[in-house]
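Below, chain A partners chain B and then partners chain C, in two separate complexes.
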Partner chain A sequence: MIDTTPWLDALHQAARVRSDAAGLPTRRDEAWKYTDIGALGVASFPLAGRPQGSLPTVAPLTTDALQLLLVNGSLQVLPGAELPAGVVIGRLDGKASAELVEAHLGKVIPAEAKSLAALNSGLFDDGVLVRVGAGVTLERPIEIVSVGQAGGDPLAFHPRCLLVIEDGGAATLVERHQGSGRYFSNSVLEIALGAGASLRHYTLQDESPEAVHVATTGIELAAGSRYAGMLVQTGSRLSRHETHAALAGDGASFELDGAYVGAGKQHLDNTTFVTHTAPGGKSRQLFKGVLDDQSHGVFQGTVRVERAAQKTDAHQLSKTLLLSEQAEMDGKPELEIYADDVKCGHGCTVGDIDETALFYLRARGIDAETARQLLIEAFLGDVLEKIAAEPVRTAFAAVVGECLKGAHATRRTNDHHQG
Partner chain B sequence: MDGIEQVRSLTDQKYKYGFVTDIEADVAPKGLNEDIIRLISAKKGEPEWLLEWRLRAYKVWLEQTEPNWGKLHYPPIDYQDAYYYSAPKRKDGPKSLADIDPKLLETYEKLGVPLHERAALAGVAVDAVFDSVSVATTYKGKLEELGIIFTSFSEAVKTHPELIRKYLGSVVPYSDNYFATLNSAVFTDGSFVYVPPGVRCPMELSTYFRMNAEKTGQFERTLIVADKGAYVSYLEGCTAPMRDENQLHAAVVELVALDEAEIKYSTVQNWYPGDEQGRGGIYNFVTKRGACRGRASRISWTQVETGSAITWKYPSCILQGDDSVGEFYSVAITNNFQQADTGTKMIHIGRNTRSNIISKGVSAGHADNTYRGLVKVLPKAQGARNRTQCDSLLIGNTCGAHTVPYIESRNSSARIEHEATTSKISEEQLFYARQRGLSEEEAVTLIVNGFCRDVLQHLPMEFAVEAQKLVALSLEGSVG
Partner chain C sequence: MLEIRNLHACVDGREILKGIDLTIPAGEVHAVMGPNGSGKSTLSYVLAGRDGYKVTEGSVLYRGQDLLAMKTEERACLGLFLAFQNPVEIPGVTGVNFLKTAVNAVRRSRGQSELDAMQFLKLARRKAKELGVGEEMLRRAVNTGFSGGEKKRYEALQMALLEPKFMILDETDSGLDIDALRVVAEAVDSFRSPERAMLVITHYQRILDYIVPDKVHVLAGGRIVQTGGKELAVELESTGYAQFTEQAA
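After this line comes the complex of A and B, so read on.
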């Protein structure tokens, strides 16, 4: 345990009491209806200690990135470069920028009973603090890499990050999760955007195939702030990525897109809660998934518009391709509307590749396999091309491409066996 | 805004059908226990197996808990503080319409269901349920010629026990859910329809029933079986007298469609919704489910829900037969303090099964209107298709509209499409209509009628007029 301050200890203690009493959520809890978080025995994984031996090196996705490296939840490498005035990137120990941390930590995502965020609040041992001061635009992207390293025995860790962008500030955050072996990563990222602040946020979940990944991201948007996020999930054995966004200031804008590729026995869950509490907010969500083999996809998206949030414009769309007989998709888009002058909608589709499009390509001399591949790539490409930063887009697309190739290969083998 | 004023003045319109008929009721003591169930069964002269079935349900019910997942808020229901049996008093069974208590006939007159006229004019056979016992069945003769059985449930138990025994609880088991289980234990009457193979029922079958005696929960049981290649269209419409205390209503409807059979079930629900302060009103907890058991069978639910303080209702289709089709068309309008949590379940089991869902919710006043639905495609439902459209309209900023769809697909060849929107009547639309000389109220009625059109057009002619009037009436009282 790193040296902390009394109030941080208190936060730990309170959260621990809450999460111990309630335990892990089960499928009887409505929000966990489709994902059995306890199924793989994570409750008994021992906490990871300080990483021993040599540190892994992870090449940054963009050459100018300010990289932070967490190994098994503990912060190992901080960027050495000199930071612009008003920018703080450091350890979340409650001492650095104490007032700021105290004002936001555990506030964006309160440690509610029976939540994985409460478990994190009770157990996180180390973390990252990023602050971008008022009016500062941080040109270089911040890249937070969480690496899980499990040897023979499984282990659990709970990375924690707090990112505060003050009024009028702007930044880009790249978040990566990867690793090897069997581990349970339960991360929490809290983001507070001041008035007029903006953040681009690219997340790649490419965990070890044996990993259980839970991530809870909370975003608080003040008036006129903007959040644009991209969430790509390809890794882990079982994953649940939860995003809680609160559009609390007038005219805030929230955009979150997601792409995921499941194969084998993977279980990939994307859950979002977007709450509009102030007028004139806009939210957009587009999630696209491709599921092969016996993989299981889940999309749950709640959009809540409170009475004061007139003139809200909210839309959400989830589209899934099922490539195999055994793949499964569960969707639960949800609208909860209490204001009348709003434009809200959601859509959800599940199906196979469009036969007409396939026929069109084949009529142009493209063989069936290639045509399928093209259509699947194009299906996800729609989402991936929204990544503004070119090197990030290329890197994310490459990971997705590899996964699709893997899925493609297994299907061919299956077809072969069937044939 | 004069719009708001208009809402207020129109909302104050009183419930048109609020009157209580004074008929001496044959009432069992208050409360629920095994003896009451034995009494109900004995009063109806039921066979032993049915009594046992009821008692089994009762035992299960004692162990069950009331569901609380709906977006509904109401004070706890005291199930011991209600009467479970009441029947209009009579010496012998009525031989003809002339034998029926004239007051009862008067009630129907007020409701606009003049039995004798209706029978003659509309060609509609009416199995009228007054509280709990069927009092008149018309057009029986004509239906009998075709071999169609349309009778009260209690009579069917006596005359066609083999059919009842075969199908009762085969779609909604006696232990299905809290309210259906309660119904299984204490149901008093309802309707039974059997259409033999290849027969197309030449008229719309209709039941008008209304709750009457004070504090009598109503527990109907409806069972409709369409044998191979048969067709039947069934209409259910209800109004209830105005009353201060909440009344519990827990009906069960079971539909069975065999090979190539089709059942069309239409409901207009206009029970007392409570007053402007949310006092009183019917609690409506209904289990409706149809089994498309045969190949290429079809079940279609159409509902117009404008009444009740609480509506908890999910007419569903189990699409077992290959190529079977399930449909759900719903308009739900809530105003004042009404709460509706309604929707459907489409369970795709057979190959090439198709389902279509259109739901239109209109919420006004302090009301909450929730669409809750499930589309589930099981692994063997090769080529299944679903299309769902849920639209909500909010009128005023003190109400809520919610959409909670569950979509579960386990077959890659299945195609599921769900779409939902929430909006208010646009200023442009209103402006356009008003510019052409319509009053604001007329404009709103027109626009909302257009909003509901996709559903209303699925109602049979006999109901379309009443339904449109009802929508308009509810709108007049709720839109500005």
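After this line comes the complex of A and C, so read on.
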């Protein structure tokens, strides 16, 4: 539990007033047109108390990871290892690195009334602070694991993290969301990258099948900084992952790739807002999803290039493979360009498995099911391959592989042949 | 090996094959030549079992079994191999993964033990070397970014690994320059044996300089309109197909 400080109280208070007055967004709100966040009754889920009983243990994805464990939003385990000079990994309590926290917390993500980030700001009770000092390269990956543990009754929690990498610093962050039972996890992660700083960020949303997952990630990029992210969504009943990137300094670079697998009645939403305010920035996004059964996918991507952001190079692409006739995809890529010398592109495709490729594989003796599996894995493999850290890539690919197998098992063989 | 009787087939409700009779015994190479649109590729797809190619009449016996009742993959496992006119690019699937899956599927169906990764790599490297296929092509995604010549050599590599009994070459010469054609055709010709048979589908005669056929059939308007020896191919090269297209029309 965090000890409060006056400014933190003020942040809580202001946010509470905002979100109480506004309530949860509904499908009448443009940004929430495709995702009904209130549908599963999360508004009435009581706030989780302190976790009771023994703590779960989660094996880190990489043996050298500096692992932090949050249970129902409350920070339970901090890495014991000695940290290099200039690195702080601790509790977000407004006391340690107070100035740093005050300078960034609640500032990276725009404070909009009807936002889940505002709800988090009003209610978060504990959190994580990571600081990588100027010029420091943190070799060991930081791994933040958020575990939801709900028993008989549903519960809600609001994990909060702040990551500041100062000028010229570099780090790798692995973020994992998982759990059991019925819960509402509404997390906020704010990332501030100083000039020339760089971050690799790998996120795996593998929440409980009954969970409602909302995550808002804000990234502020100063001049020459680089962000490379990978967002994999396989879990939850309903999820919305929102990324807000602000390329505020000259020549900043933002790359975000996404892969998701939906089955059953899952609803998976990827929403991004990328704003170029300074010249020479580069942003690239590639989202690929496989949707089976009656699952529903959403990709909303807005790229805004302001007048000062000349020589911007921005690209976003969403590709979806529908494996069932009941699966559905809503795609809304948007470009808002106010500068005249830019290179921007976007696209959205929704399709079926390539029948020609399927025939080619079968003509070599590979049965239809295996051939289909190979093609689906290849579709997502293309994205997952971009994970530079080998153990992370293997672990993420394994989770995706299992999901595809699961999705596969629920489907009847749909194998035509001449007779 | 293969007995086609009165084969009729439709694509999108339009009849393309209008009663084909063709018998190819083991040990023989037959060429089917014909103008564009005569049904050559349709014949190869029908034999391989592609979706959307509907047989409306006739029968095909392959090694004594009803070929048309089998799925595409069952035909392949029984030794039928179609070398594609346009081998399909499959990004994201590596050659090693694809070839190993195929080889083991065929081995399983023959009651042979599956090859593990090491055994397979050893075999694939040896065959690739024999065919002049660079080892890096095994690591790359299937056909992705390959040149025309590389794609056809890759088809020959698959042939070498799967050891089929009956090969259909669908315009293998298309998109190849003279040198690439010779390399691929000689590789294919080296698979000739008394236990195997081959159907070479082509528009031009030149591939038949390397794979000399026992018989040549002319396909026009969905029917075999003439059959002869290898000299028929040479004759067609000078006379063209006009006589047959008029006849078919």
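The criterion applied here is as follows: the second predicted complex is superposed on the first by the 409 of 419 C-alpha atoms of A that agree within 3 Å, B and C clash if a C-alpha of one lies under 4 Å from a C-alpha of the other, contacts with A are read in each partner's own complex, and residues count from 1 in each chain.
The rule is short, and it goes like this: a contact is a pair of C-beta atoms (placed from the backbone, for glycine too) under 8 Å apart; a residue touches a chain by one contact, two chains touch by 3 or more.
Everything quoted here is computed from the prediction, not taken from an experiment.
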item: Residues of chain A touched, compared between chain B and chain C (which is higher); value: B
item: First (chain B), second (chain C), both or neither touched by A:E328; value: first
item: Partner chain(s) touched by A:R307 [first = chain B, second = chain C, both, neither]; value: first
item: Chain B versus chain C as contact partner of A:Y360, first or second or both or neither; value: second
item: Chain B versus chain C as contact partner of A:E377, first or second or both or neither; value: second
item: Where chain A meets both chain C and chain B, residue numbers; value: none
item: Residues of chain C defined as touching chain A within the complex; value: 46, 48-51, 53-55, 68-73, 75-77, 81-82, 84, 87-88, 90-93, 97-98, 101-102, 105-106, 109, 141, 158, 162
item: Residue ranges of chain A in contact with chain B within the complex; value: 30, 307, 310, 320, 322-352
item: Touching residues (chain side chain B, partner chain A) in the complex; value: 69, 379, 392, 394-424
item: In the complex with chain C, residue positions of chain A that touch it; value: 354-357, 359-368, 370-371, 374-375, 377-379, 381-382, 415-419
